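Labels run A, B, C and D following the written order; every chain starts at residue 1.
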Amino acid sequence: MEVFDKLESEVRSYCRNFPTVFTKSKGSKMWDESGKEYIDFFSGAGALNYGHNDPKMKQKLIEYITDDGITHSLDMASTAKGQFLTKFYEAILNPRNMDYKVMFPGPTGTNTVESALKLARKVTGRTDVISFTNGFHGMTIGSLSVTGNSFKRKGAGIPLHNSVTMPYDNFMDDNYDSLDYLEHFLEGSGSGVAIPAAVILETVQGEGGINAASSEWLQRVEKICKQWDILLIVDDVQAGIGRTGTFFSFEPAGINPDIVCLSKSLSGYGLPLAVTLIRPDLDIWEPGEHNGTFRGNNHAFVTATAALEYWEDANFEAGIKKKSKMVADFLESMVENYPELEGHVKGRGLMIGISSSVEGLAEKVAAEAFSRGLIMETAGPDDEVFKLFPAINIDEDELKAGFEIIEESIKSMVKEPISN
Amino acid sequence: MEVFDKLESEVRSYCRNFPTVFTKSKGSKMWDESGKEYIDFFSGAGALNYGHNDPKMKQKLIEYITDDGITHSLDMASTAKGQFLTKFYEAILNPRNMDYKVMFPGPTGTNTVESALKLARKVTGRTDVISFTNGFHGMTIGSLSVTGNSFKRKGAGIPLHNSVTMPYDNFMDDNYDSLDYLEHFLEGSGSGVAIPAAVILETVQGEGGINAASSEWLQRVEKICKQWDILLIVDDVQAGIGRTGTFFSFEPAGINPDIVCLSKSLSGYGLPLAVTLIRPDLDIWEPGEHNGTFRGNNHAFVTATAALEYWEDANFEAGIKKKSKMVADFLESMVENYPELEGHVKGRGLMIGISSSVEGLAEKVAAEAFSRGLIMETAGPDDEVFKLFPAINIDEDELKAGFEIIEESIKSMVKEPISN
Amino acid sequence: MEVFDKLESEVRSYCRNFPTVFTKSKGSKMWDESGKEYIDFFSGAGALNYGHNDPKMKQKLIEYITDDGITHSLDMASTAKGQFLTKFYEAILNPRNMDYKVMFPGPTGTNTVESALKLARKVTGRTDVISFTNGFHGMTIGSLSVTGNSFKRKGAGIPLHNSVTMPYDNFMDDNYDSLDYLEHFLEGSGSGVAIPAAVILETVQGEGGINAASSEWLQRVEKICKQWDILLIVDDVQAGIGRTGTFFSFEPAGINPDIVCLSKSLSGYGLPLAVTLIRPDLDIWEPGEHNGTFRGNNHAFVTATAALEYWEDANFEAGIKKKSKMVADFLESMVENYPELEGHVKGRGLMIGISSSVEGLAEKVAAEAFSRGLIMETAGPDDEVFKLFPAINIDEDELKAGFEIIEESIKSMVKEPISN
Amino acid sequence: MEVFDKLESEVRSYCRNFPTVFTKSKGSKMWDESGKEYIDFFSGAGALNYGHNDPKMKQKLIEYITDDGITHSLDMASTAKGQFLTKFYEAILNPRNMDYKVMFPGPTGTNTVESALKLARKVTGRTDVISFTNGFHGMTIGSLSVTGNSFKRKGAGIPLHNSVTMPYDNFMDDNYDSLDYLEHFLEGSGSGVAIPAAVILETVQGEGGINAASSEWLQRVEKICKQWDILLIVDDVQAGIGRTGTFFSFEPAGINPDIVCLSKSLSGYGLPLAVTLIRPDLDIWEPGEHNGTFRGNNHAFVTATAALEYWEDANFEAGIKKKSKMVADFLESMVENYPELEGHVKGRGLMIGISSSVEGLAEKVAAEAFSRGLIMETAGPDDEVFKLFPAINIDEDELKAGFEIIEESIKSMVKEPISN
């Protein structure tokens, strides 16, 4: 680790929780330089939903590179990009009766969010955007202004503007309806809150603590947006691409966002790629009004096209659902069997975790699990949640092996379980 | 092109100037789907300084992928990242007596700029940043606020704040000294301009019209920054990595920026990668205060490490200089031989072009060249410059072949050359 | 009225509701140029709490002018200012055990609010200020940014920043505790709401619709501010100087604001005057850091000093309370006797009115009353409240005469009262 | 002075330079509580251009108060306001062929500036305003954002936005044409400076150091504004109402601003009053879109109406010009006779002073003059100017008496004059 201490900025973070040098990976396994093996329940914070180095994608990528396919193309037309667009239409949009134009805004999550905010402001001529408590949308100034986390916001070094934070589903306790609050502010002409250009939300908040909004809540947000002619932006960067069981996280709620942000697992292989999906009549961009050097990352187009083929298999979603149930059952049993956790299960699909009321416990469990060979992250404003983000196509055996490590870690932390 | 028209957003831009579907590339050649061959004098707007699909990098990358090397690692330590850091230190920093910490801010140019601005504000506790006319630093709100282009700025949809634009070298005519102006505003306690956190600049402005600042101007900017305790940020995203003849564009001026932004050609292969170089004592980031999903793009680390080896060859810079002279001589001859161009040569190294006073002519020449098999971009606020961005390791024969196409294109546009 | 139509800007407003030219006034009576007499239940929107042209103040003012007393003194020391300061200390601060430094910020309400916001930001080093729904604090950009009214805010022509609006007491219905929201947003490190420099509030919102906060609510706000080290600013411009029954409106709640804003009736005679009261340890202003031409309006000092003498009479407050009860009883009887009003009584002290659910009815009643010789304003985001703002020292006979006109006006608007 | 030290905020400023308690004043004389007499060359920083307690205005005001004329009327129509409007039209606008609507924006300078900025943004739909180095426009956030002084700006406690500062006439030395800069920034589509809603300027900068723009400069600003469809706002709060020799300071330049801000000496008597003059077709305010409690300060209307009568006398302007010449000649002689001042004369009309290169000398001269019975202020970013602001109708004898005190003060400061 010496070279990193000496040469890399203090801003590095995950390497402090997972203090080893990783060298190889395959599926849900990773190996460090000493040869130690890890089960990966982290999945690159949602960027490796299909696991590491998927063999099909790998083969296509090697072939493409070998053949000297175009690597970098800005926003020029390329064969690989054409194939990605076609596959995205055929495997994803068309079967879901979705009609969106695809924008390549730069290859990262914050790029797609910034492009969405810009477009919403251009379309509506309004400046404000409503976001929600504990929302996370990225670290560039535009995205940061709609992000809730106070530590990240303070990092901006300037006051962040043109955004209003409203309470997310269940931000207050059950006696408070967060959308009554939103509606009251929109309706009141003396509320200090202007009708915004857009509402931006995650259906499940990843960084914010694995908070899952109910379908009813999402449907009512959509209805409020329609009523006030506000654009609805779903930031599906972390919850999308199968993480919650369906390609888009909002499919179960049956809502139709005006703009959708995708990145992380879109390339399938962990390569940088992002798209902004735009309701066709909102696609009023001037050519070049938003741009970026790495919009045409063709290696990512190649692996993304291969990844999308998974979704053409009708059984693929069923597999995620089955594993989701396994994980949920396991976590519920942990909460029940280890009351010392003072925990409750949060989340949806394979974006799920245990929130512990014991200060620091979630972090201790995750650290213990790491030493036992499992990679697992914490989340939430106080890192009070340890979260399970296994690959959506993980083997059931690997899943169970991971469960065992987690239980052992919990056990060793809480000392005396009630039963086992 | 049909699939792009149907599915892709109207924001696409380069594909309108280069209306074909590219499929393969090697060195300074590209081929479209019809098999037509192009010489590339565009180099991915500076992201392909070593040409396309460099064989050495290609081999390393295929090996790495074949061996299931880690692909995506956020900011965890990985073997490939460690090798990149080591090589960057040995081949670049150490030989130049430079002492910087390396931050991975997300893989794009705008990410490194946003991280630099944040850090400068955190370090100084000040909010404003001074940038220069015709500067271009990226399209997310933080970077856009220090970008000069009014079309891009308007795209923000909100007023852009915390920045002041000062005249770049030669923004006014020769009778005006742009740094007298800057100094006067800094000195005047009634000038409305606060002492800023940082000054951010490009040594040669790419998007802004291939404007090259003199070494004297850069040295005086550095001196002013020192005097007022202002951080100097050099955005070397486009002018760096050899484009002007040295690895960093500011080497000939002998200045020592406090923060340096690198991206575009850093990976060598056109893969997304960016770093922010930070004077060690300024590295006061808290862990995770800036983050991003694709900070650990290991494929890019692999190719970048291979690319940096070029710089260990003492003859490498000499080769760029030789080609720079060939290009400059050629462009000067064009200006002389084709007075109808009303042109003058601008730029430095292989970041050079002809600014034509004839409205629309630069664009016509570029379009004609494209039809004749050469890819070349225009730049400047009114696209008045056609610019030559060949690979820095281009063959001399390819270079000359490109010259021929350009001259033919000019000739056909201006009709009657004075001499040939 | 012709001269006004021809020469005065369209921005004029009250003259449209009270379309006549006023020429004389005395106590609670006004006369227009045709000689028509009006009872004044409007009191200059709270600037004439002691009625018009109070004889004692008038005499003092004429003497002062006759003697060539200093009229205008910026912030130089003057005899009249010294007398005002002394009287303010002796009659107001000292008897209430209050310890404040007195700042003269310019003679209007928005001036005192702007100075309070500046100081709070300087003292805390924070930028945001929390204000409340339907709050009104003034029309200059700083004050407007903490004002709720969307029509007024839009008039800024720029996005308003550095403020967050929280729900005022009873903004949501009774099932929601508005301070639970505030606390939740302050506590949540992912709430998007930073700890602010200050909370600014009116204890009774005048322009916002005569919304009176409960003492419990005010006490809890104070407690929250203390807990988070947030400054509490009470904007007592409209509710202060006796309007609600005590000199400061917050006396019954027993709270101790860090900063208090006073203006409107401070001079007693309707002359422009404002002060900002500052907890002594917060008085860290540099000399001249805030200034203004009309800080030393000595005519206003003279009348203000005379006005403050009223408060040395122990019976003065009792008189306001008695009239407050008369007004409240009258309004309750109106609501009861005229169910067609669909009204309910709102407010506190002599800052009280009837909110009618019948669209436009409040305005019709006020217009009818005007034609019958009574001046009365509407308030609230939809002008749904007609409000009674009689002088706090009005004769009981005048008060009753006003009641009669109001009842006649209501009657003629709702046609068939249930009983009379 | 004890009561002020004990009770008044530390923000007080002039009373530190003029440390006595003033009690009476008449014409150009003031008396303190000890009976000491002062000649006033300060004129309330431009608010007392007609001297103190002018007998004609005094008589009208006493009559009005005695008759119980309306004192406070918000923006209702009143007899006194009608008379003011009529007189303003007849004595000022009509003889100058000026066509403006009159807005009453609240009674202070910063109120009229805030209203002007709002209206310019509303009319144009643009957000930015261009102001000039060393401009001073007021202390509320909107006005402060177009004010140059860094100490005042910092007092805001928040970053100030939506404004760009350009160099005022002669801000750079004589080799630089400040409007070449402005034009270059407006023309350049990459300059980072958007076409603004308005340009705001003072024709002579008072607080900024008695900088007088040339007529040619003002005319070219007007031309540039016309060319780019930018509104021209002249802030004539300090330079207007006769201070430079004509009612409006811009009359000699022959320009026609779109909006004019007036306050300070408008009431004639030192009472708070301000108006915003609006080109009729720009008067698109909605009723009440800007408001304020003290827009209808009728005492000020009464004295202002009387004051405007001076301008009906053709000799009035000639008198100001004569005294202006006397002052200018005197100051030039001081510069010549006392080279130790290292001074040069700045300004125009009776807004004139000596800028001394000797650090602290201007302040010393002013302090010495005060002790000898003359009130005179310093100005400029470093208080390097002592400025003469006598009443525009001052007696020649008083003027000469003041000159003597100044010369004695200079003499005693520089010790050995070259000649006398």
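Assume contacts are C-beta pairs under 8 Å (C-beta built on N, C-alpha and C of every residue); 3 or more make two chains touch, one makes a residue touch a chain.
Chain labels with UniProt names: A, B, C, D = Diaminobutyrate--2-oxoglutarate transaminase.
Values in this document were obtained by computation on a predicted structure and should not be read as measured data.
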(message) On the document's contact criterion, could you list the chains that touch chain A and likewise touch chain D?
(response) B, C
(message) Quick check on the interfaces: C-D is repeated by which of A-D, B-C or A-B, going by over half of contact pairs matching?
(response) A-B
(message) As a test of understanding: of all chains, whose mean C-alpha position lies farthest from that of chain A?
(response) D
(message) Taking the mean of the C-alpha atoms as each chain's centre, how many Å separate chain A from chain B?
(response) 31
(request) Round to the nearest whole Å and give the separation of the Cα centres of chain B and chain D. (result) 50
(message) Give me the residue numbers in chain A that touch at least two other chains, ranges are fine.
(response) 127, 151, 158-159, 161-162
(message) Considering only the defined contacts, which chain D positions touch chain A in the complex?
(response) 158-159
(message) Considering only the defined contacts, which chain C positions touch chain D in the complex?
(response) 1, 3-4, 7-16, 18-26, 30, 33, 44-48, 52-53, 58, 61-62, 65-79, 81-82, 85-86, 88-89, 101-104, 106-111, 114-115, 117-118, 120-122, 127, 138-143, 145, 151-152, 155-158, 161-162, 197, 237, 263-264, 269-272, 276, 278, 283-294, 297, 299
(message) For the complex, give me every residue of chain D touching chain B.
(response) 127-128, 131, 133-135, 147-151, 153-154, 159, 161-165, 167, 171-172, 175-176, 180-181, 184-185, 188-194, 208-209, 380-382
